[in-house]
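Below, subunit A partners subunit B and then partners subunit C, in two separate complexes.
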Partner chain A sequence: MIAALARPGSSPLHRTAAARKLAALAAIATLLFFVDAPAPLGFAFAAGLAAARSTGVRFAEIGSDLKGPAAVLAVLGLADWWLVDAATAVSVVLRLGAIALFAHAVTVTTSTAELTAVLERLFVPAERLGLLDAARAALTVTLAIRFVPLIVEEAREIRQAQAARGLDGSITALAVPLMVRVIVRAEALADAIDARGFPPERAVVAPSRSPEIRPDREVPTP
Partner chain B sequence: MSDTSPERAGGATGADPSALAQTIVFSGVSVVRDGRTALDRVSIGFEEARVGIVGLNGSGKSTLLKCIIGLVAPSAGTVAVDGRDALREARAIRRTTGLLFQDPDNQIVMPTVDEDLAFGLKNHGFSKAETAERVAGALVRLGIAPLARRRIHELSGGEKQLVALAGVLAISPRTVLFDEPTAHLDLKNRNRLRDVLHALPEQAIVVSHDLELLADFPRVVMIEAGRIVRDGAAADVLAHYREANR
Partner chain C sequence: MTTRDLGLVALMAAVIVALGAVPAIPLAAGVPITLQSMGVMLAGLVLGPRRGAAAVAVVIALVALGLPVLAGGRGGLGVFVGPTAGFLVGWLVAAFVTGFLAMVFEAPEKPTWLRTAQLTAAAVIGGIVALYVCGILWLAFFVKMGLVKAFMVSLPFVPGDVAKAIVAALVTVKVRQAVAIERK
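Our next item is the complex of A and B:
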């Protein structure tokens, strides 16, 4: 799903507010967990397919974007068939498949910035209770979306380097350098995020062309 | 149609760099981290439109840049940018001073180009309308407007470096700090970035191993083991640096 990300378009879903789409997705996903009969689940699957296609993304691209979840679903379906029965396997596959398709429709029509803004608003009550910082929590989700492809690429590079040294197949040979790279990158990224002015200045009314420069609220201890 | 001229969005092309230049002053700055001295009683000022910084790996060049925008706290001494303390007024300084990191993948936060440019603007409190205007302007200014909706992980290294620079320029800084900006670039992209750098109206302080990049700078500083060991015209300092590291 990460690979899907938002694509430009003018479909009704593109024009729908991100908060509404996410609320509808949550409601549909919750509702489907109370449905077991294959017929309504089949209908939901078809509706999910229609929603995904209504965004303007071709079926081939939808299939390509959902390759990973489809593979997981296939394994789950086979396991259910083996351990329970065919009807349960069909229900599980249709239910999770429908959710994945609806989620795809939301993902390709919602920019990460919109998603982050919604998450930030959702986290505000928890922030008021002192449980977390809403802006930082939302940024964490954004960073996950941004960096998954990069970390996958780094894992591939390390695997190739280790294979060249005859270490292919070793989990340790992959995991240790990957972890080191991720930690080093995280440190540099933290600096970059600070350098770019994070966290946002919430209290500031939209500034004029030359925003007034204000001193920091907190003075770091040297 | 929105006005995406450089003057309104991400800079002041055509402006005199020395007019934008800030005065950056290090007063007896030492930085000790994990028992290692990164900067050792550095006292120096920068007010030129272009300053190059050279030195071997681990000599303290990047630490020097990070001190300017308060990312690194000195163990002793102070850094001031136009009279503002780099630690106490870090947010204000980051509004007028941008840092371009060596690896753009460490700097680009959002998954798509336009969202990433908007990230810094949002942090600095710009309105949605002005953010959109500035994002478009910064992309046009660097000639990368067609990349606006692209996903970051699909871009080449050179494109990522320009996107990172556009993110810095979008906030209209007076000074841009470059930390080895050509280190990850091929020849074509290195030349492109060099052209962009030379045309920038903003003050630029450039840490680089790419001596050609600094060759026509009015001032170059050489750092060794955390100390300033040479400071002068590019020809003199770069010749000394080459000689010292044969």
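Our next item is the complex of A and C:
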């Protein structure tokens, strides 16, 4: 769903720094929220399509990637059309569609590692205040991204197994095994992280800028 | 935070996202409900206040990153200025209050029905009362809807959320019978 969406490539968006893309996405999403006129929203939607296509992903693929959001948009649009009017429905669909396309363009061209790096930088000010450990917080977010497709898949498997026993539709029959599996898996995950010696040296996160030569290190020779 | 806490928080965040991806259940009244807010209650009930709120914070970070992690594939910074922003940020409060109350009520020697009832109360107070206060205040003042109208608009979602609180409590009792996990 959200992981494994990034695809390798060399498009202009692939080469843009992740922080810039995220800032641009935030700006676009925020800006579009204040726009209601269909003409600029239509332009934004077209720009979103262009941005998504510029990543080298074909329209057919973009369509299948965004099938879920598109279905929701259709429902929202119909509801607005019925409850309010057609103009509102058009605006809502164009706005959310444009944002989804821009977000998709960023998702496709930005690896999880790049996202973590940006997050880590964002977390550093909070770390200075003693609120959190930047590297660990960033890892937590990345892990969540990584595990969403797995958990969705697991939920689907459990549902199928329960349906075979005639328990389809029962939320407890889905949620109990899912939560138990998650707790058990968290232990294994923690062991794996510890085994890899995480977190790395603090110097990697915040390089020391002190000019003095440390006596315990070799001075590099030219 | 230990590495195990980190794993639990990350996976719980993934569960909250996954529950948003499970198809919504249409209510009799025609208002669709999703299981995502039940995920927030579960985060507090199972993991406790701090880890539960941390899991929600991770989900909110994913939303801010422009990922479609909310129910119905919503995401992006637009959500933070949208009419439902109060309900999203309110999840933090909801998970914390739910988890805190679950800790307060915790006593292993109590009969199962009493523990279920108390966990339901924790989920209702945290996941509904505290959450709706945040959501309604945002609707009333930032969306300029007025308190009464904001309250009325939010009311249809209460029955579904009460049902989710009951299920979340039942699930928590069963999960804690199956695996040992402390709250913090």
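Criterion: the second predicted complex is superposed on the first by the 200 of 222 C-alpha atoms of A that agree within 3 Å, B and C clash if a C-alpha of one lies under 4 Å from a C-alpha of the other, contacts with A are read in each partner's own complex, and residues count from 1 in each chain.
Just so we're on the same page, contacts are C-beta pairs under 8 Å (C-beta built on N, C-alpha and C of every residue); 3 or more make two chains touch, one makes a residue touch a chain.
All figures in this text were calculated on a predicted structure; none of them were measured in a lab.
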Touched partner set for A:I193, first subunit B, second subunit C, both or neither: both
Which of subunit B and subunit C A:R185 touches, first, second, both or neither: both
Which of subunit B and subunit C A:A113 touches, first, second, both or neither: first
Touched partner set for A:A6, first subunit B, second subunit C, both or neither: first
Which superposed partner A:L150 touches (first subunit B, second subunit C, both, neither): both
Contacts of A:A103 with subunit B and subunit C, given as first, second, both or neither: second
Most subunit A residues touched (candidates subunit B, subunit C): C
First (subunit B), second (subunit C), both or neither touched by A:A26: second
Partner chain in contact with A:A44 - subunit B first, subunit C second, else both or neither: neither
Overlap of the subunit B and subunit C footprints on subunit A, listed as residue numbers: 139, 143, 145, 150, 185, 189, 193-194, 198
Residue numbers on subunit C that touch subunit A, as the complex places them: 1-4, 6-15, 17-19, 21-22, 35, 38, 42, 46, 54, 58-59, 61-62, 64-69, 72-78, 81-82, 167-168, 170-171, 174-175, 178-179, 181
Interfacial residue positions of subunit A with respect to subunit B in the complex: 5-6, 8, 111-113, 139, 142-143, 145-146, 149-150, 153, 185, 188-189, 191-201, 204, 206-207, 209-211, 213-216, 219-222
Contacting residues of subunit B [partner subunit A, same complex]: 8, 66, 69-71, 73-75, 87-92, 94-96, 98-99, 101, 103, 105-112, 115, 118-120, 122-127, 130, 149, 151-153, 167, 171-172
Sites on subunit A touched by subunit C in the complex: 1-2, 22, 25-26, 29-30, 32-33, 68-69, 72, 95-96, 99-100, 102-103, 106-107, 115, 119, 133, 136, 139-141, 143-145, 147-148, 150-152, 154-155, 171-172, 174-176, 178-180, 182-187, 189-190, 193-194, 198
